[in-house]
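Multiple structures follow.
In what comes next, chain A is part of two complexes: it sits with chain B in the first one and with chain C in the second one.
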Partner chain A sequence: MLGEKAYSLVKELEDRQCEILPYNTDLVTEIATEIVHLYDQNHQDVRLEDSRTPGTSTNLMPTVRMRHAAIQRNQRCLLAYHYNRLRLLRQMRWEFGSILPTELKENLSAAENGWFNKYSTILGKYMRSIGENGGLNLAVDLKPPKALFIEVRCLVDYGKLELNDGTNVLLKKNSQHFLPRSECEELIRRGILQHIAN
Partner chain B sequence: MIKLKIVLEHSYYPNYFAIEDIIATQEKAPCKFLVNIPKLGKLNAASEEDDLKAGTSLELPVWLVQQLASGRQPLVTIDLPKSYKPAYREILKADATAVDLHKFGLYFYELGCHIAQFDNQGDVREILVHTFTTRFKQLMDLADNIGLDPSAIDKLDMLERKLFKDGNLARNLLNNWLNNSIIPMGAATMVVNHRKRKRINVE
Partner chain C sequence: MDDISSEDILLEEDESEMMHLTPAQLVDRMQETWINEIRAPEILPYKYEYVECLLEHINSMEENIETLQTASLVKVVHQLEIDRFRYIIASYLRTRLEKIELHVFHILKEEDTRIEKNELPYLSDGELQFAQEYKNSIEQHFQSVLSFWPGMPPDDWKNNPVVPNLDSFVFLKSKENVEGVIIDDSDENDIVDLKEGSQVILSYSKIADLLKNDKVSLL
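The block that comes next holds the complex of A and B.
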């Protein structure tokens, strides 16, 4: 009743603040059950309290107050857990792009997955609606460019990359290329290419 | 690699969703019950009675004590936790910079703000401000010149650690910018962390 379960749920978030851990269905259900249980007990006691003539038998109000505080605490922890996970998820949309690595996707609950897809759609729609000719990608050009072309090194075997002008570049591990900045920024963000400055 | 994202999301009370605040308020504070609480005897591990009797002294989490001690009819009186008692306050008054605040409590300031409500003389409030202002100069110095003594970070409470982290990051960014204004693009922080973890798993 002292919120230990709810505490350990929130504690999970504290330890790994930049990583999404598997959604803790068990603990969330347990806490929800605890809330319902406390609520039922309170409901009963309030009824008893109503039918009681003043001055007789024991006053149950202090008990009700204590349980109520516990309910509120549990509720706060549950909400904080979900809210903070959503914030993380939103950040992930910006850093990983619209497709998450499967290992991370497995850690989301069904509802979170739905939220992520919706958020992604809304964001995409917004980016298409602004700027001239076909939208503006807000996830690129995070830093002011100094030159149109940049030197990059490939960190993984990625395969063929087709540039806007139609030329194909084979991105093999450890190969170096001189590419248009606009075309490789996203790959750099995703950790496939490495920008070599100087 | 330079981390470009400066996270300044210090969420503090009264932020309902703040993880720090939730964790800080789970700390226990000694309190004494003023009235009988029927049916909740199990909270007191030492007795086997059904009711929690008036006069029982227990250590309960701050979030609960706060609820019980407030209002028109307080159910408990609260006593200050150890780190905020006069003896400890004297230590902080003597020289706050020499203290290992991490040992005083992980969330010394955060919890202190909650505890201060129950201290009518205002001594706790005073000591919080005093401690912070005295230690802040040292904290800034540390953030600007890490490398001097890495173990000094161990003596900071969580708020100070965050300030240190942000201050240090900002200092590094500035240094880098002063040294060379070409900022290479890097992979997103989350992507980098994810890779590292993957590599560890494979090994």
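The block that comes next holds the complex of A and C.
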């Protein structure tokens, strides 16, 4: 049935909303082929219709319109799929920073990888332009600060962490620390530290 | 042209007013601006003065606490205050960026009309540049997606950009007495007077101008 493939492509977005699935190259190509096919058929029919003398019995216009609607729908589904993936990518830029974990990177198409880097660049440029002394990092301070220091548990063997005031902390698995919030926020997001709320 | 000159005067007044603002007043203004931005469905004019002044204030506070001893309580309290200010600014700018990304085609078009009419822009220079580059990146990506198209790839998807819902309802508090806010466009008698300090729920589109002229604030 026309448009079925496009439907399943969009459906894929719904399945797992917060995680980026592998780019479905096959389905995208199939939809593209369907569009090209419909387009060609329409082209032929329109030419046929034009060459016909007016008033003859068979009218191809309804078929042509039907195909055109299918093309439009396919196009819309394609763009919706790609746009929603970009939104996910954008979310990931804020969560993981400008370098993506490799296992997620494998799920992207080449164009998406390119877009991600471009987005990183323009976002970085914007953040540097804020204020007069070298910008403001908007990717930190994501939650309203309640206290300056927070208690964290280390989930992996990370090694030494040097704090802004020069002291060194050794982050070993299962060790607990009382650290400045601003300095462990990123590590918490990367899953190295866990915030212990009391 | 009359509009511009009155706008300009207003701006100058604002700037001279900035000189007299105490840090506490500045923070209050910034906080109000921030909450307005979070609650409003559309992007609001960028409050350049507040952001710049508060950032400057943060810098000078940071320099001051450098001189304090590490363990002193005063330092801890000040550091927390700095963190809170920074959070407000960061959250304000992030909210704006999210709106820009979501409604990029609409916002840039509006911005162009404003420039044509010689009105003040809503976006900061940095935001405008970001918006344009973001729009280009999306267009480019879509074009590459549709590159298989026989003949010219279609661009009719640009005709229906995502627009903010200006009719959504907002909670607001009136900062001064405002008379005759029209609630229903079709019925001119259907008006409401806002008393100073009163809190109401209204459709955003009806009070957008009041909000931009600093007569009401959102909650």
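Rule of thumb we're sticking to: the second predicted complex is superposed on the first by the 193 of 198 C-alpha atoms of A that agree within 3 Å, B and C clash if a C-alpha of one lies under 4 Å from a C-alpha of the other, contacts with A are read in each partner's own complex, and residues count from 1 in each chain.
Keep this in mind: a contact is a pair of C-beta atoms (placed from the backbone, for glycine too) under 8 Å apart; a residue touches a chain by one contact, two chains touch by 3 or more.
Note that the structure is a prediction, hence the values are computed from the model and not measured.
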{"item": "Chain B versus chain C as contact partner of A:66, first or second or both or neither", "value": "first"}
{"item": "Partner chain in contact with A:165 - chain B first, chain C second, else both or neither", "value": "second"}
{"item": "Touching partner for A:7 - first (chain B), second (chain C), both, neither", "value": "first"}
{"item": "First (chain B), second (chain C), both or neither touched by A:148", "value": "second"}
{"item": "Chain B versus chain C as contact partner of A:76, first or second or both or neither", "value": "both"}
{"item": "Partner chain in contact with A:27 - chain B first, chain C second, else both or neither", "value": "neither"}
{"item": "Touched partner set for A:196, first chain B, second chain C, both or neither", "value": "first"}
{"item": "Residues of chain A at both interfaces, chain B in one complex, chain C in the other", "value": "76, 79, 83, 143"}
{"item": "Residues of chain A that touch chain B when the two form their complex", "value": "1-3, 7, 10-11, 13-14, 18-19, 45, 58-60, 62-63, 65-66, 68-70, 72-73, 76-77, 79-80, 83-84, 91-92, 94-96, 101, 103-104, 142-143, 146, 150, 185, 188-191, 194-198"}
{"item": "Residues of chain B defined as touching chain A within the complex", "value": "4, 16-20, 22-23, 26, 35-40, 43, 51, 60-61, 63-64, 67-68, 75, 180, 182-195, 197-198"}
{"item": "Complex interface listing, chain A residues touching chain C", "value": "28, 32, 35-36, 39-40, 75-76, 78-79, 82-83, 86, 90, 111-112, 115, 118-119, 122-123, 125-126, 129-133, 136-138, 140-141, 143-145, 147-148, 165, 181-182"}
{"item": "Residue numbers on chain C that touch chain A, as the complex places them", "value": "51-52, 55-56, 59, 70, 76, 79-80, 83-84, 86-87, 89-91, 93-94, 97, 101, 125-127, 129-130, 133-134, 137-138, 140-142, 144-146, 148-151, 154, 157"}
